[in-house]
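Right, one structure below, let's go through it.
So that you can tell them apart, the chains are marked A, B and C in the order they are listed, and the count of residues begins at 1 in each.
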Amino acid sequence: MGTNDQTRSLPRGLRLVALAGAAALTLTAGLATPLDPAPRQARAADDGKKVLTVAVAQSVDSLSPFLAVRLLSTSIHRLMYEYLTNYDPKDNHAVPGLATKWEPSPDKLTWTYTIRSDSTWSDGKRATAEDAAWTFNKMMTDDGAATANGSYVGNFEKVTAPSPTKLVIELKKPQATMTALDVPIVPKHVWEKVSDFSEFNNDKSFPVVGNGPFVLTGYKADSYVRLKANKSFWRGAPKFDELVFRYYKDQDAAVSALRKGEVSFVAGSPSLTPAQADSLKGADDIQVNDAPGRRFYALATNPGAKAKNGEKFGDGHPSLLDQRVRNALFMAVDREAIIDKVFRGHAVEGEGYIPPRFQDYFWKPSASRKLAYDPAKAAQLLDRAGYRKNGDGKRVGKDGKPITYRVLCHATDPNDKAVGKYLQEWWGDLGIGVRLDCLDNVTDPWLAGKYDLAFDGWSVNPDPDFVLSIHTCGALPATPKDTGATDNFICDKTYDELYARQLAEYDPAKRADIVKQMESRLYDLGYMNVMAYPNAVEAYRTDQIKSITTMPAKAGNIYGQDGYWSWWSAVPADSGDSSGGSSTAVVAVIATSLVLLIGLGTVVAVRRRAGADDRE
Amino acid sequence: MTADATPALVEERQTAAGPRVRKRSAYPRYLAGKVAGAAVSLLAVLVTSFFLFRLIPGDPVKTMTGGRQVSAEQLAAYREEFGLDLPLWRQFTDYCGKALTGDFGTSYQFRTPVVDKITEALPNTLLLTGTAFVLYTALGIFLGTRSAWRRGGLGDRVNTGLALTLYSIPSFWLGLLLIIVLSVGIGPLPGLFPTGGMESGGEEGFAYVLDVAHHLVLPVVTLVAVEYGQTLLVTRSALLDEMGSDYLTTARAKGLRDDLVRRRHAVPNALLPTVTLIFINLGRTVAGVILVETVFSWPGLGGLFYQALSVPDLPLVQGLFFVFAAAVILMNTLADLVYPLLDPRVAR
Amino acid sequence: MTTSTGTAPSPRALARQRRRASVARFWRRYRAERAGLYGLAVLVLCALLALFAPVFVGSDVSSVTEAPGRPMQSPSAEFPLGTDQFGRDLLGLVIWGSRVSLLVGLLAAVLSVAIGTLIGVTAGHFKGWYATVMMRVTDWFLVMPTLVLAIALVTVMSRSLTTIVVAIGVTTWPTTARLVRAQTLAVETRPYIERAKALGGGHWHIMSRHVLPNVMPLVLAQTTLIISSAILAEATLAFLGLGDPTVVSWGGLLQDAREAGAVSAGDWWYLVPPGIAIAVVALAFTLCGRAVESVLNPRLGVSR
């Protein structure tokens, strides 16, 4: 028999393990209640600090401003570093940031910025024009440093800092976007020590030297980003002492955390779902901010992908080259139903390319030109274009085969999948088949032009240049092997001429007028069919945040603003018991001893019982 | 049926019963064989991790630079930086060579060495799986033994039924329900536990430990609930097999007390197959935790794997796949090595 | 043999008779397994529901444009399980979803067991290097983390039901292969195989006529058990967003519910029924599998 001393003790040992396990479970379970007095008031940490906790769903890609492209990371950089200019929270016009004044030369090619003298880095050194010049020059000369924001300096000829308060940027061509350079200015004396910009993530030593309203003090991947208020911020110190971005992979978890007071704010990615918003509306001490968003949600059509050298590639359906077909397809999309059923009212029906939130640039088609929902007319249009139904009720292409469009959709976006189901039925009624290609990563077929239609959407900046630029011929890839900045390979001469004119137009009103003409052109072409402008749906606890600035000030969003207004302006709710730093400790001690007692008791009790079992 | 849990051993037993008689020095040779087998498996995993993920459609360089204007030269420069310009076989040999020295390259999306990224998340995953593992193994063995002793009784039926039911429940669904009931709170029931994550952030010292423990409860309960059933069933069946054995009847006939017979003879022997299962479970759980990590926003390897796949962040995906498979291989080998030490009938 | 007729029956008829008798014997023993009977009853019910779903609920239950209700309604007389985010009837969707979930589970299990049986029987029959290589491959698949491998496979292929079936089938066969091989080895030592060989029976003859019928019961038990895990796996993959979003399945419904934010909104009626359906069917298959196993091997029957 192999059973001797060694094995004899096995069962008893295991039993002990079981007991320990059970005890551990009771222990942790017991801990729960006392440690978590439901909705915690204003999150007063140990020393009475006011902490603002924001639930985010995105993980940080990099904390280096030269590498970061995700919204969360760039928002954090807004808080850590001053940019040359900022946007007014009321109406988005450019306001002073690190620069107090700016002026173009008469030939439109030289911009001179006056740098403020009252901004200091968190290590005590003054922030100067030299820092700004160094940042831009680094991006112009080092490929690694140009990774994220290189496009801003593409048209720069030369950047110099003749004095600590004067920054001069010389351009190759006139550029109207010089007050919208969203580039974090970093301290030269810290960053010049970095050897490889493509690998440095700025997340090893804390606090990170900066001059924004907050200073980065801690980061743990996929857990949290922690910032503390910069008391010497030139615009004035933030009202909260600490700002924490906490990572919730699951949006439901984030919403529940808000409900319980674990976090003060939930942004959602990109927004809360209608069900979540509706359920939060009824909750105590929670304010749902349902504001016009800055995004448009569109159906992009493949216009036959081609490169600048004229080479064609991809395999978009040839029938889509006919404007009548594109218009007919869009006329069979019931946008009201999408707003009503998919967004459940948390969106505005799409019209022009730029959302109404940016009122200066907003354009919409006149009633007569509008491609309103009209399936019967859509069917006629298709008939006229020569795509008639065959015996099975399917419309056939010029090649004689029934038409089935491949619609590229983002597997991670519920709206894409939902609208896709509607498209299948609406277009199915027209006699056109739809195959939804839902992928985690749509980049590849997208860049290769291997799709027919695609769900598309962009967040629009206060300066619309970027979202306009992605539809110019200049944005096409040089050859099929390159990657262009183009969104979906649109290349239209009329549009391009207008684009060039607006970029060189330094008068805002005239520029806005040209931009509207561009939108009108885009609408008629039918390659970008804007279905909706989704609202920013977010929520916060009113017992933790008393007030917070939205952007635009009336009816605007809080998370992902252009600027640091929301977190900088947030005022903590005054709560009587937020002084209870020490009382939390007391509760914790009592709770722990209680739990230890319970745990011990359980162990003893279970052992007794187990012993009784053994005896039988 | 322990066969599916201990396949290697079923084999071993069969060959051991053959004409080849194993003599004294068998264990070292057995050991060498198993270790060599594990090494081969690891190499095979290395090969798969390289080729399998190359099949994911998508040019990683284009994905990385997606939406930005990049010239063919820049793309080429990126390819060169990540070694994607080399012929496949060169990439492969480079990959293997580096992997053998513990270097899995640099993550495309995080621009950090893959090893750093993994060592960052691994302790979190181990904390979660380790705690759950100890608990469900203990619970499974404890209840399994009790069930076997009272075979056919009400306790046994309830026990087995419950184990089978929980075993059939999708873990992510159970996790979501637990969040609704115990975390969000239903009706008068307040939410007792955090909804996700591993820490509130900012706690230190003992408060930090408590905080993490607090966050650990729901994911651990989920894992234990869906996992303990298997251990229970295997323990129970092994014990029942053992209890029918002749030597136990002999022992009883000699007048040994019943519980002594059980504890000294039946249980230790019956636990042998369970030991194997335990090791295999440990390896498996590391990879199987993906779902629970997703539901509870746990910052572990599972979430990382999922993020990496969608890019595809090839170096990270490869590294993680290797870690997942290596965990299983390591534990299986350990099981193979420990088993004969416990059971003299095998390979001695 | 229990039956005998006056005239001597042909060998073929004899074999058929014998088979029928053993099926009857099997059923008699199976009937004694109460849990297995419950499982079987549930399965029959589910299969009927799934088969006749077009009659009960109609195929337009999954239509979004003709959804009868408002989005996310709680249970009412009109919609016993409430509605989903499109305003579709959830009861109808759960019934409709059973078709895909059961089909995928079934196909994946069949694929998995077919691969496993093929490799198991051949590796058991042909010894030597073929068996060694095959068993190495099996071992190697056995150590692959199943879920990770399945996720990877689905990512590599395009999103469709076929992909899911293949991903599950390809990752779950090794257990079957091992069990079948062990059984094959045992069968091949029996004297009548020697006799068949001596009479000049080829490999194919021996494998298909003698080995396969003998491993069939094991294969059957294994299939039932694997269906259960295949249904869970389908739900898991769909839940992770790797399924075909245009197809209604139980896992897909759970994924929809989660994406719609039903968890934090407390809309339990959206979340609970598909989960219960998955659990009930998976449990039923497990119970049947265990019952089959214990019938085939009484000593094991008390266990597992």
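As a convention for this text, a residue touches a chain if its C-beta (ideal position, glycine included) is under 8 Å from a C-beta of that chain, and two chains touch if they have at least 3 such contacts.
Keep in mind that this is a model prediction, so the values were computed, not measured.
Q: Just grab the chain with the largest centre-to-centre distance to chain C, centres being mean Cα coordinates.
A: Most remote chain from chain C, centroid-wise, comes out as A.
Q: If you tally contacting C-beta pairs, which comes out ahead, A-B or B-C? Let me know.
A: Taking the two pairs in turn, the one with more contacts turns out to be A-B.
Q: Can you check how far apart chain A and chain C are, centre to centre, with Cα atoms defining each centre and the answer in Å?
A: Centre separation, chain A to chain C: 43 Å.
Q: Report the inter-centroid distance (CA atoms only) between chain B and chain C in whole Å.
A: 24
Q: Report the inter-centroid distance (CA atoms only) between chain A and chain B in whole Å.
A: Centre separation, chain A to chain B: 35 Å.
Q: For chain C, give me the residues that contact two or more of the other chains.
A: Those would be 155, 258, 263-264, 266.
Q: Among the residues of chain A, which are close enough to touch at least two other chains?
A: Residues 250, 252-254, 256, 259, 412, 440 of chain A each touch two or more of the other chains.
Q: Touching at least two other chains at once: which residues of chain B meet that condition?
A: In chain B, residues 57, 176, 179, 184, 294, 309, 312 touch at least two other chains, as defined above.
Q: For a test of understanding, state which residues of chain B touch chain A in their complex under the given definition.
A: 57-59, 62-63, 65-72, 74-75, 77, 81, 106, 109-112, 117, 120-121, 131, 134-135, 137-139, 141-142, 145-146, 176, 179, 183-185, 190-202, 206-207, 210-211, 213-214, 216-217, 220-221, 247, 258-259, 263-265, 267-269, 271, 294-297, 299, 303-304, 307, 309-312, 342-345
Q: Using the touch definition up top, name the residues of chain C that touch chain B in the complex.
A: The touching residues are 35, 135-136, 139-140, 142-145, 147-148, 151-152, 155-156, 174-175, 178-179, 182, 185, 228, 232, 235-236, 239-240, 251, 254, 258, 263-264, 266, 268, 271-272, 275, 278-280, 282-283, 286-287, 293, 299-300, 302-304.
Q: Name, in rising order, each residue of chain A that touches chain B in their complex.
A: 1-3, 7-8, 10-12, 14-15, 17-22, 24-25, 27-29, 31-33, 35-36, 38, 45, 51, 53, 59, 61-62, 67, 143, 150-151, 198-199, 201, 218, 220-224, 226, 242, 244, 246-250, 252-254, 256-257, 259-260, 262, 412, 440-441, 443-445, 447, 475, 478-479, 481-485, 588, 592, 613-616
Q: Across the complex, what residues on chain A touch chain C?
A: Touch residues, chain A against chain C: 250-256, 259, 272-276, 278-279, 337, 341, 344, 409, 411-412, 414, 417-418, 420-422, 424-426, 436-440.
Q: Inside the complex, what are the residues of chain C that reach chain A?
A: 63-67, 71-72, 85-87, 155, 158-159, 241-242, 244-246, 256, 258-267
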